[in-house]
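Quick one: this structure, given as structure tokens, is what I'll be asking you about.
Chain IDs A, B, C and D follow the sequence of writing; residue 1 opens each chain.
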Amino acid sequence: MNRKIKAAIIGATGYTGREAIIYLLRHRGVELKRLFALDYLDRPISEAFPILTGMTDLRCQELDLELVKDECDAAFLCLPHTVAMEVAGKLVGSKTRVIDLSADFRFSDVKVYNRVYGVKHEYPKLLEQAVYGIPELNREQVKGCNLLANPGCYPTSVILPLYPLLREKLIAVEGIIIDAKSGVSGAGRKVAEALIFAEVNESLKAYSPGKHRHQPEIEEQLGQASGGEVRVTFVPHLIPMTRGMLSTIYCRPQTGIGENQVRKALNDYYEKEFFVQALAEGTLPRTADVAGTNFCHIGFAMAGEGLVICSAIDNLGKGASGQAVQNFNVMFGFDEKEGLV
Amino acid sequence: MNRKIKAAIIGATGYTGREAIIYLLRHRGVELKRLFALDYLDRPISEAFPILTGMTDLRCQELDLELVKDECDAAFLCLPHTVAMEVAGKLVGSKTRVIDLSADFRFSDVKVYNRVYGVKHEYPKLLEQAVYGIPELNREQVKGCNLLANPGCYPTSVILPLYPLLREKLIAVEGIIIDAKSGVSGAGRKVAEALIFAEVNESLKAYSPGKHRHQPEIEEQLGQASGGEVRVTFVPHLIPMTRGMLSTIYCRPQTGIGENQVRKALNDYYEKEFFVQALAEGTLPRTADVAGTNFCHIGFAMAGEGLVICSAIDNLGKGASGQAVQNFNVMFGFDEKEGLV
Amino acid sequence: MNRKIKAAIIGATGYTGREAIIYLLRHRGVELKRLFALDYLDRPISEAFPILTGMTDLRCQELDLELVKDECDAAFLCLPHTVAMEVAGKLVGSKTRVIDLSADFRFSDVKVYNRVYGVKHEYPKLLEQAVYGIPELNREQVKGCNLLANPGCYPTSVILPLYPLLREKLIAVEGIIIDAKSGVSGAGRKVAEALIFAEVNESLKAYSPGKHRHQPEIEEQLGQASGGEVRVTFVPHLIPMTRGMLSTIYCRPQTGIGENQVRKALNDYYEKEFFVQALAEGTLPRTADVAGTNFCHIGFAMAGEGLVICSAIDNLGKGASGQAVQNFNVMFGFDEKEGLV
Amino acid sequence: MNRKIKAAIIGATGYTGREAIIYLLRHRGVELKRLFALDYLDRPISEAFPILTGMTDLRCQELDLELVKDECDAAFLCLPHTVAMEVAGKLVGSKTRVIDLSADFRFSDVKVYNRVYGVKHEYPKLLEQAVYGIPELNREQVKGCNLLANPGCYPTSVILPLYPLLREKLIAVEGIIIDAKSGVSGAGRKVAEALIFAEVNESLKAYSPGKHRHQPEIEEQLGQASGGEVRVTFVPHLIPMTRGMLSTIYCRPQTGIGENQVRKALNDYYEKEFFVQALAEGTLPRTADVAGTNFCHIGFAMAGEGLVICSAIDNLGKGASGQAVQNFNVMFGFDEKEGLV
């Protein structure tokens, strides 16, 4: 790698922005060129994130898309849903390849997007062009893409274990139940009463049962895995911890299918993958063991006639910025681990 | 109430012992007479639990069953499973009525107990005599009993919402999935590597999927509610908080049954109950809102064609010592709330 | 007690309001009559605080001072500083006695108040009339007062241990250093980025060193104890826990003064007090042991030639609403513990 | 760097062992050759620390010092105090250079060690040979040494800010007070009742005031800085968080010394250092901003006539294994940051 890839982060002062910065500063093939934000303008990013003190002198600046197109080979969009689409829309077609961490390009069907996010998509054509990127499942498509739709955190934790099982017809497509648990950073750096420490600490609750926006995203991807329609029951929970996500998935094996076939399928798909680890028999994952990493740990057990799968990721790692950098590495021909370990 | 009821706590230096002490010191009809333990002998209980400083001068002493029988109208057994049975066995028949917080008398079938707890029950006859006590569901039986089997924490959180629905045939008995989450005090004051702060904090995991000892306890009670056999999938999780328990329950309503019928059933059973609260429509419980109390908060929602129920208790309150004191209040004719609010 | 005392809480939807509600609902001599707030208008207070579900049907209403004067014997002001003064100013002189949890009447010198809180006090005359109430130190004054200035949380934790030592001339007035640590609920239910879970959890920091508004409050009270001017170094810290406050105080004993004299002084002042506990020799307090209570636990040790004192309270209990209710009990002739245990 | 340095970790299954493994696996100039432990024998280290799943196949083995001498250029001793000395004693003199994370070689005076640790040092001669290694302060000595005494966590957090101030005579040597706060991982992976989650969470306490073993270590090093005897008051506290350490230091500037001189001294010593960051004026450090890193963040403020300094490190990073690897990098001629960012 002679020339370094020049990268910009747009939306640098949220948590996914912070993680992307950390990974890219560590990355030996990247020159992190520009940080765009609405706040901390002209101030060092280390004021927004003191953990970056001494790591970089980069400052935040107002978004300037011409500058991005001129200077940068890659742009990471760490923007809210519905805001990202316009930025992406204006960048795609230039030499700058876009990695969008929002939901704006995750659906193939614009009607689903419009319904789920309650807005009218302004760049529906780009939905076809965008690649939903989980490198372990569609590395080749990721390689060539110019608009990468980085998956949601919950969907990543669910799709990784279920994709092989649905693709190989090992489990029923009906009756899949996902009881998901997320640390609080999953809500971003949003300032809301429900997220202040005294409300979250020493507490636990479910929210948006059957109504979370990640449910249709999960259903679309699992549908593609199974080759048909999949409907799931998805109930997320807020956990009093900063980082980490655990999805406990309940499903029914097809007749004659047991632990061995499940294990074999996971091994077949992931044995050679670095970031997805099927744990040893009898072992269930803990979120602490993937915190701060890009790993996904998967464990499972039979419970009665059902199959229980537990999948742990860091919601900001494999669930967001880590996977974004992994996708970037695939897109630009780097070792997938670069910047991530 | 003229004469105060004299009470002893056997196993006073664990967390359920501590909570029982706090409730009984507050109880206007009780004289807390004796605290028995294996440790802190001859030392004030406030050394074991400094939160009791200034509240009582009671000291721990070695168990003396004759003393209990002579002096005490009631004995709370805050002992490990398999240890409680012998103490209960020796007390039953005396004037001392026993409230056992262990699992030793929770099953009606001794074979189930022996299998689940891996020992041979020494007092199988007493299983018939014991009353599994959830006052909201079997107050009359509790009243007259001399050996009260206080339910497990997970079972309490599950039985309270499901009992009315199964009894009224509103949901299918098959396919019930319980994804339960417990704070760490549920493991007691046990000293184990898996329970030290640095292992539990900022982490999350499932454990014993389909194999937890509370599963058969749940199944027996739900079976009695439905009038037939019930098998559930039960997966408990360890949450980085001290107190609190949330059970997220997935089940299928019978044809034609919707939110209204579910709400009506919960209201019919619990409207007049103080400690069980069916929350307003659209509201799901948070464990913080029942922490330190004897309340159970129940909320639910339809998710697709399924029903999702969330039930929150304090694992040491309604899940253990709180319910024990509530049962005691029923047994001895006190207001059920006495000592508990 | 025949007639119940009628009480109002003004500012019911913050954390000190919530705690006051809980204590007063439990109080056998109080009828909690009115809850005033700016939000949750006409809605049950249990919507603001689901922990109150089933405990009360009271609703929030807009402040109506005439109603308060007509109906209520006592008003608890759980309002922000600078807002409380006007409400108090309008109530004092009516039959309604005021317990103000804000700082608005804590200083005797209006110039100090104006400087510290950056506003001009509108009722400077009332400062003379107001009583700074720590029942253990000035019970008689509290009894007769109509305007009770309830102390700050940090000051309470500091004054309780230092008052006897300064009064008895056991320690030097110079060089007192207070390293104070507070749980996050001390900041109230305020919604701010610095208070969201992901910023506070797994973190620790000092703030406002030498500049916190509680420092002059501490200095005035310690000055009164010592009979001269006292200047302290006060550095508060934010701790990743919801409730609890620990002040570690460093001071120098006068020549010839050692542990025994310190212990004797604490005993002389507090031996007969229920809520202030000087711990056994060699024992230092933990905040968990006073959480949810109105207790103050005090421990100390000699370290080299200095004296180190640790004082633990619940910032919302003895540090705010608990002490307010204790003061109320003194004012209205109740047992001081009523509602508080 | 052609040949990789071969390294062993002795005591691999504790928290400092885990961190050292993580750093050394990431290190491009190191081949991590052997992991020695008393437990997990013949089992992959990823069973002890699932966070290492997929990162290494190394297994734990019984200590074999001949193997270490034969194979390894460097040995990291992550052993308890009093155990490390014997291992070090047997390795020193071979080609294997020793980095000892215990306290066994931190004191220059064996009598102090024997008194503080309550044992008789078996290799007192080696105390002279050992180098107490804080690279920012004595890089040259570290370079050449064969036995590196890696500083304690509390001492590191205290010495870094105070060394320049004492050396430059900016503050009084008398009356230094250190109120230190540590996350729970500072106690290691020790299994003790006082460290279980339900005891530590939502609590806070001081321990060993004036008696902690790190106090004499601090005093020896500060004495060397000042060129005379230094006595400090040192009170550590246990904080409900996993990682992180904050020392709040109270001291008196010499006459005429103010913020500017303090700032200049810190800049003079640390401006060119990567891992020690004097924060911008008015900024105090948060432990979260150094968590998982080898950084030390230092902030300060005048409070009255005193100086308050806050110093934050990760107790397992700059406070233990991070600094050990930094010292290793100096000893073996690597870039100091290698493996650490």
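Just so we're on the same page, a contact is a pair of C-beta atoms (placed from the backbone, for glycine too) under 8 Å apart; a residue touches a chain by one contact, two chains touch by 3 or more.
Source: prediction; values computed, not measured.
Participant: Among the other chains, which touch chain A and chain B together?
Facilitator: Per touch definition, common to chain A and chain B: C, D.
Participant: Among the remaining chains, which ones contact both chain C and chain D?
Facilitator: A, B
Participant: Between B-C and A-C, which chain pair is linked by the larger number of C-beta contacts?
Facilitator: Of B-C and A-C, more C-beta pairs in contact link A-C.
Participant: As a quick test, compute the distance in whole Å between the mean CA positions of chain B and chain C.
Facilitator: 36
Participant: Between chain A and chain C, tell me the centre distance in angstrom, where each centre is the average of that chain's C-alpha atoms.
Facilitator: The separation of the two C-alpha centroids amounts to 46 Å.
Participant: On chain D, where are the residues touching two or more other chains?
Facilitator: 183, 199, 201-202, 240-242, 285-286, 288-289, 291
Participant: Show which residues of chain A lie in contact with chain B when the two form their complex.
Facilitator: The contact residues of chain A facing chain B are 175, 177, 179, 181, 183, 199, 201-207, 209-211, 231, 233-235, 237, 239-244, 246, 248, 250, 284-289, 291, 301-304, 306, 308, 310, 312.
Participant: Considering the complex alone, what residue numbers of chain B touch chain C?
Facilitator: 26, 49-51, 53-55, 201-202, 274-275, 277, 279, 283, 285-286, 288-293, 295, 297, 341
Participant: Under the touch definition given earlier, write down the residues of chain D that touch chain B in their complex.
Facilitator: For chain D paired with chain B, touching residues are 15, 183-185, 187, 189-193, 195-202, 240-242.
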